[in-house]
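Shared between the two complexes below is chain A, which pairs with chain B and chain C, respectively.
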Partner chain A sequence: MSTIEIQERHDVVTQLRDPAHAARPTVEVHGVSKWFGTKVAVSDVTCSFGPGITGLLGPNGAGKTTLLRTITGLLRPSEGRVSIFGTDPRKDPSVYRRIGFVPEDDAVYGHLSARQLVRYAAELSRHDASPAVVETAIARVNLLADADRPIVEYSKGMRQRAKVAAALVNEPDLLVLDEPLNGADPTQRAVLIAIFHELAAAGRTIIVSSHVLAEVERMTDRVIAILDGKLAAAGHIRAIRAAMTHIPHKVRIEADDPRILARALVDVPAVVGVHFQDGGLEVETSNLAELGKAIPAITVEKSVRVTRFEPVDASLESVFRHLLSIRR
Partner chain B sequence: MPEPSIELDAGAVAATAEGTVYDLGYTPHEGPRLGRSAAIRAMFVDGSRRALGLRRKAWAKVLPWTLIAAAIVPAAWVVALTFVVAGFSLEDAGPFGDPAEFFQVIGLLAMFFVGLVGPTLLIPDRRHGVLAVYASRPVRAADYLLARAATLVVLTSLFILIPQAILYVGISSLYVEGFRAGLVEHASEIPEILGTTIAYVLAYGAPAFLIALFAQRLSIASGVYVLIMFLTSMVVEAMPRATDLLVFKVMAPLALFWNPLSVRDWLFNREPEDWPLERVGLEPWVAVATIVAITLATVVIAHRRYRRYF
Partner chain C sequence: MTPLLAIVRVTVRQLTGRTRLIGFGLLNLVPAALLAAVSRSAHPSALDLELGVLLVVPFFALVIPTTSLILASSGLGDERRDKTLSFLLLRPINRLEIVVAKTIAAALVSAGFASVGALGLSLTWVALGGSLDVFPPMLAGAALACVMYSAVFVLVGNVLAKATIAGLIYVLFFETVLVQELPRLASASLWRIGLGATLATMPEHFPARALLGALGEWIPSVGSALVVMATITVIMVAACTILLKRTDAL
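Take a look at the complex of A and B:
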């Protein structure tokens, strides 16, 4: 085996272990940077996306939209390359037949009705633009009742659904959604999220960008986080949290005698702080596993009954807050 | 090691020892799909509706339809007179009695029409971020520009040719040997009419398209276009007659407004009038070369500019 082959195999193995890479990638981002004049919007991002839903997270201005527009070929990377289904979309636009894109901004013609917009999208995607196909796409987003009104009269949430219908009409294998739930009411959000889950279950690759973390958490537990244009974290939310060993984990513990438990816990080396809170304890630990092992021994030795043991900062919001604190 | 086989539950489409994917009723499309031409045709139809203000509020229709009415109504009026007024002759119809002469009337209106339609086809998509609608689909920059240019060419051609067709019918009706013989007799002028129409469409359309590639607002683009067309003509108008100075020979073809008229006289084999080219002793083919050069430059610049969006 040549040195190059060994290196390639090593790269593949490394990628498989790297949570920034999907096991069966359909979208691959290789060292992509994008700058506008002196402003670096995306800096050397390497990651991949596969079937299922992946959340792309980041605060406003982090570079999410730039990365999505680069992935979808709307922007040419200043450096690096993007491949979709093994093809560079800027060199082979036919790959767009398999892509649906919902941009963040209101990129729709206000004078068109949802039905006209979806039909136009089908024609541009070179899909079947027959009334039945158009009707199906509109029905999926529950917009049939208003399908013939001009989009300019729609609420923000309805416009979002019209854009999603236009993105779905060509039955894309890759769906790229930039803040797709903006302006949608709770019922509409539930409908859209159910659609995304359905498509993901059917093996479609879905990339969802959002700064509303609770929404992303409802859709997926695999995320890629971007901060200041750089890849800040990737993988499953709990795994990312577990990797933040320098930030103490917070655990809510409830027991029949919290004072005795607190006194015992301060002697555990992994415990860095204990606070009384709402009749229970909030324990900060540098090693969650070690704390988990210590608790049974303490309960036996001190005759304390633990009724609740729950990590309270493994939610996406907590993980993201920690990521932001690292940046600062 | 191969995956152990799993017996699928009802409704399951795939299963392993660790998970199952259920069929939620997603049925992929198996029917026919459209081709590239369908996408271009869709953009052409969209552009035509936009240019004419169709499916838009009333104010969007005012300008294009006022110009269309200004082009068609006088021609229709002259034709109506030929049927109604006894003894109405071609001489009474002025420029309306001669297709070549009529180009001077319709040409001015066509310039305003092009100045309105060209920017309308390009600027709003850029300004309102709607290019993403096209760029995220299997549409190349060339497809988009081709569809937009085709809209401009077809609408402007119709703008010129419909009044010409009306007059053709009217003139033929005055033919002493009968209407049918008149149609046949005047059919010999159709190639010249078509050729001159192409010259007008390209000579006026290419600069409008070029300005619309860069302008940010419709009103500014239309204003700059009309200004350029008139200013270049006025500058050349001010040139001394029968001059041999090189600078005037270079400037004469840049009188963009007059170039199609030089082409018209050439095609209709008319005695050249005092157009800028003729004034400095240049042949009509220079007008054709100028129109072609500006059109080609517009094509190249448009493609280079729009590649960044696609």
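Take a look at the complex of A and C:
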């Protein structure tokens, strides 16, 4: 790889670092780094989270869990600072009244039942731990039928739901979820995602970390991507993709006469390549907006009717794949 | 229920699983069985002193330390091992409450097992012709020792993954071998402090004076035992609280 290419890729990453800040931040991360001995797990991350769902993305070992644990105050930042609702959680534990946390690990008290776990969580949060409140939290995650069995007998998905119920019982304003859908079956996933949407709609801040991109995409379109402990990209998925100008966008175009359209598109400066695929065209363009402007003119000039125009690589997965390729 | 009481309740449950109940229950009854067995073969002239030693020394020197240190190091150690510590730390409670609750729970469970052992020994003592009035001093001294071991080993369990091994080395090497060689260190031996309180409050017919040799140079009294216990407990709880506050919860 030439120096110029490296510089270009560096520029792309720099460009993608553009404001990772929520409009109404409830959680602010300022220049946070965290290292363990000589291993740097998180490096100079600055971002913020506000009401709604934000996906925290990254491959395994990227530093997501370390960042989440630093945000919640479980880990002390080596550098930088974190504030939640304007407070440093390590200095003022009272802020935890407003926080619910679902850890990634299979960390749960196996000897307790879900009912006992949720009650314990409510008591520790100085929240109403009455049977009705506990029952409501358990019912929310569809676990009532098994609420009195010891958690050690639960499947992984059920344990996840028990942890989510325990995190919800104090009606938190901030919910931090580390891989919350791990082990849950499709029905359970749908239930949990619906709960997160409901809370987000009610103005709660939800930070959800996951390496299953399709799930994050079902929950939110605002993401923060972490690669090698660094903030690689932040914002809305389409905006991140749009900023990756060095990687051609792919657009699926269907028309009544694809051949005429293809010939015309080859002459458009922003078009990098045109391929016939499944009766339509897959067009690679360096500038999606320019291509969008060129299409109406072509349809008039060549009397071609375009029936479909759809970017096909603006999905979270493809964006993430591009980010990984930049890293490499 | 306050968070402190809730942590005590759940920790007591954690520490009293079926295996532990049976294991520690039996362990605490071993000195009584030993006392009963030896009493049959002992020479009548040596009976008072020999049985007096057997009544208290194995119980205080081995059974109470072993039970307490294993249970106490599980207090926070198991939370770290099972990665459930975040469940406690991400709550609107200060670290002191967590450490105090864990220490109380460990001390309660240890003292519970110790009371079974003390009762077994006292009943055996009664069967050998003694009286049941040895039971309250034994229980009090045992409780004192349990509190100290709990305070120390909740801290050690929070810091070391192999806290039980470290504890056994402390008990078997420092408290047993080293203090025997260097009696000046006796006041740093937790079981001797508990035993001191027990001997100081034993009924007059018990050969307590003859057992003082087991305590090294430390002169037992209830007051001094209480002061040492309070000092050790406060220092350990404070140290553990600071560590829990300042270190990462991995």
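Remarks
Heads up, the rule we're going with is that the second predicted complex is superposed on the first by the 309 of 328 C-alpha atoms of A that agree within 3 Å, B and C clash if a C-alpha of one lies under 4 Å from a C-alpha of the other, contacts with A are read in each partner's own complex, and residues count from 1 in each chain.
The rule we apply is simple: contacts are C-beta pairs under 8 Å (C-beta built on N, C-alpha and C of every residue); 3 or more make two chains touch, one makes a residue touch a chain.
Quantities reported herein were computed from a predicted structural model and do not represent experimental measurements.
Aligning the two structures on chain A places chain B and chain C in a clash. Counting the residues of chain A that each partner touches, chain B and chain C differ, and the larger count belongs to B. In the superposed pair of complexes, A:Glu171 makes contact with chain B only, with no contact to chain C. In the superposition on chain A, A:Pro103 makes contact with both chain B and chain C.
Look at A:Ser130: by the touch rule set out above, it reaches chain B but stays clear of chain C.
Legend: residue contacts after superposition of the two complexes on their common chain; A:Asn60 is shown touching neither chain B nor chain C. Contact with neither chain B nor chain C is seen for A:Thr307 once the two complexes are overlaid on the shared chain. Of the two partner chains placed by the overlay, only chain B lies in contact with A:Leu199; chain C stays clear of it. In the superposed pair of complexes, A:Thr72 makes contact with chain B and with chain C alike. The intersection of chain A residues touching chain B with those touching chain C, taken from the two complexes, comprises 69, 72-74, 76, 93-97, 99, 101, 103, 105-109, 111-112, 116, 120-121, 123-126, 129. Those residues of chain B that touch chain A in the shared complex are 21-22, 24, 26, 28-29, 31-36, 38-39, 41-43, 46, 55-57, 128-140, 308-310.
The part of chain C that touches chain A in the complex is made up of residues 1-3, 6-7, 10, 13-14, 17, 82-84, 86-94, 245-250.
Listed in rising order, the residues of chain A touching chain B in the complex are 69, 72-74, 76, 93-97, 99, 101, 103, 105-109, 111-112, 116, 120-130, 133, 170-171, 176, 198-199, 201-203. Contacts from chain A toward chain C in the complex involve residues 69, 72-76, 90, 93-97, 99, 101, 103, 105-112, 116, 120-121, 123-126, 129, 166.
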